[in-house]
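Okay, got some structures for you below.
One chain, chain A, appears in both complexes that follow, with chain B as partner in the first and chain C in the second.
What follows is the complex of A and B.
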């Protein structure tokens, strides 16, 4: 892969590393939560779809961990499988266990719409390797968003228990969904250098403008909540369990190649 | 120093060799017809190939890389073979050659629909063109059953005329 231009200042490199880690961890963790549906989704088509989406997301994480490893002279597999749960930087939205189907759809919808806003910005990044990967990811994410949106409609229009469960899940996840846009360490530097073409708070506003009018007829008014400084630092028992699952193979034979 | 003419003919040999390497997931089509070879260059030191993944997380990339390495090394054109993964330009389904599209069709895959893909549409105007021509009977009276299929790059359709399920190489 392409090596980062050596002229990046230390502070910029550190901030860029934080940005790459945040996006990569989001994709990695949601990919593993999705993979929990493999074999037990409500129908065969969804078994195939969630498994395929999970594979895409983990593939995106891999590409981003590789960019990060180039930047920090690290090993992508170590970053993915060799970290303590506390070192992960995914948004609080991704801390929750898979839950029921309505909960998974609610989370996927919130995440995909937020990810769409973020990727649109990253595809314009002045850091070319990131812009290229983000541009390529966007084409695949269109399918994910379409899938999430089709299920959003289906559950919203189903009435009865399906709709109630979906609306409850959206209300429950709403505060943590804001944290996809949690401020990054060194964000001012990233914005100044065009690596992050828009500050997180601006991306947050445009995401809210997109999703509020779609969700509120179903959920009622969704509370105003700004992304918090520790929105990517909180970890839960649910996540620690998932971490145990996805590191199990790597831990069973240190240094093995697969 | 390799002269330009010699380098060009060496590059021609590399392209010809790559055209005989099948895609690991759909062996009916070669890597060249699939459009995943971004560029080829040959000098005294190395044969360099840029490989453009169809999907960022395509699990066949490792296999492709290995096969390219082995096959090109056997041509003995330079000291080593370097296969670089690149997203510049990004692979899109429009890179599949006309021959590749025909080969896909002959092996029961609908080739991807050619049309610009809206990646920036608003949330309320999201649409993926779900058009595919049945590779068996040529009918367009088909429906997309699932935009996700057995591999990342395949979608599942059904033909209402010949009642045959079939796969489409996804448009991205």
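What follows is the complex of A and C.
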């Protein structure tokens, strides 16, 4: 089934495919990292909540991989499970292993706030299928952000070891968090056609204005760092390990249907 | 899984559809109201099965379980409706209503 409007030029289609892949891979990879908490979260209720949120993220990735598959005449399962680690395009923020609870909360908070800025723009996309999915994602991400923010405040206000670990994690993740807004290949075309209503650099600025005043009282001044051209291309051993985990079942029986 | 100090139990009631009665669903442990809301949502609403949830701190509930008040020792059968047989009266009233109904 192909729903790609025939009027999209090849260059636009390729740029749109890159955009879809970047958002989908972000959601997919953070979903798998956070699912690593299943069974070992700080308490039973949080275990269920974290696992459910991780599942939601993978659900968002699925919706986006399906859009991408429609556009490129591909198979969503192949895109998700049939690529080498080097072909993934998630932001460097999602290259790190799960870490401790403070680290996971720090990453979720940085990611959810960045995702909010991005989804607000994508919900206004001129590419209707994307605007529709982004609109639905926003409804769930609002809740995800509330949950991450509830933990952000608790760890920030706990004092002692919890607060130290949380502030250290934020400082450690800060440079890679900028890469959620790494420039996309063909971004000019996407902005020109209203597919991406605001350039990444503008979204980056508005995200910084949101989070700096909230985080800096805890972390101290956070360095100025522009998103880099390879911010979605760098891969790590941590991610290669995770990739081995999430492709294990698909690899065990090539072509199996489930 | 350690139970943190200050953790409280919250009773959760759910409504399946607008207008349905609120029914006790179960409970969650949470340090405060905000997390209780998140956990109640995950436990009793994540599959879209609830229209509304009420989340109540267990210690805010007034409990009455005194048997002197709830299970008094004397015969209470006169307070139950079972003492009155109205079946025949009802049947007679229905028959009358049919007979008197205008054509």
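A few comments on the model shown:
Operating definition for what follows: the second predicted complex is superposed on the first by the 256 of 258 C-alpha atoms of A that agree within 3 Å, B and C clash if a C-alpha of one lies under 4 Å from a C-alpha of the other, contacts with A are read in each partner's own complex, and residues count from 1 in each chain.
Convention: a residue touches a chain if its C-beta (ideal position, glycine included) is under 8 Å from a C-beta of that chain, and two chains touch if they have at least 3 such contacts.
Keep in mind that what you see is a predicted model, and the values were worked out from it rather than measured.
In this overlay on chain A, chain B clashes with chain C. In the superposed model, A:102 lies in contact with neither chain B nor chain C.
In the overlay built on the shared chain, the residue A:52 is in contact with chain B and with chain C. Once chain A of one complex is fitted onto chain A of the other, the partner contacts of A:130 are absent, as it touches neither chain B nor chain C. In the overlay built on the shared chain, the residue A:173 is in contact with neither chain B nor chain C.
Touch criterion not met for A:91: it reaches neither chain B nor chain C. Legend: residue contacts after superposition of the two complexes on their common chain; A:145 is shown touching chain B, with no touch to chain C. Of the two partner chains placed around the shared chain by superposition, chain C is the only one that A:42 touches, whereas chain B remains out of contact. By the touch criterion defined above, A:203 lies against neither chain B nor chain C after alignment on the C-alpha atoms of chain A. Set against each other, chain B and chain C touch different numbers of residues in chain A, with B touching more. By the document's definition of touching, neither partner reaches A:195: not chain B, not chain C. Looking at chain A, you'll find residues 45, 48-49, 52, 143, 146-147 touch chain B in one structure and chain C in the other. Within the complex formed with chain B, the chain A residues making contact are 1, 45, 48-49, 51-53, 55-60, 62-63, 113, 120, 128, 132-133, 135-140, 142-143, 145-147, 149, 210-211, 214.
Interface residues of chain B facing chain A in the complex, by the touch rule stated above, are 53, 55-59, 84-85, 87-88, 90-92, 117-120, 122-124, 126-128, 145-150, 152, 156, 170, 172. Residue ranges on chain A touching chain C, taken from their complex, read 42-49, 52, 143, 146-147, 150, 154.
Residues of chain C touching chain A in their complex: 1-4, 7, 28-31, 34-35, 38-39, 41-43, 46.
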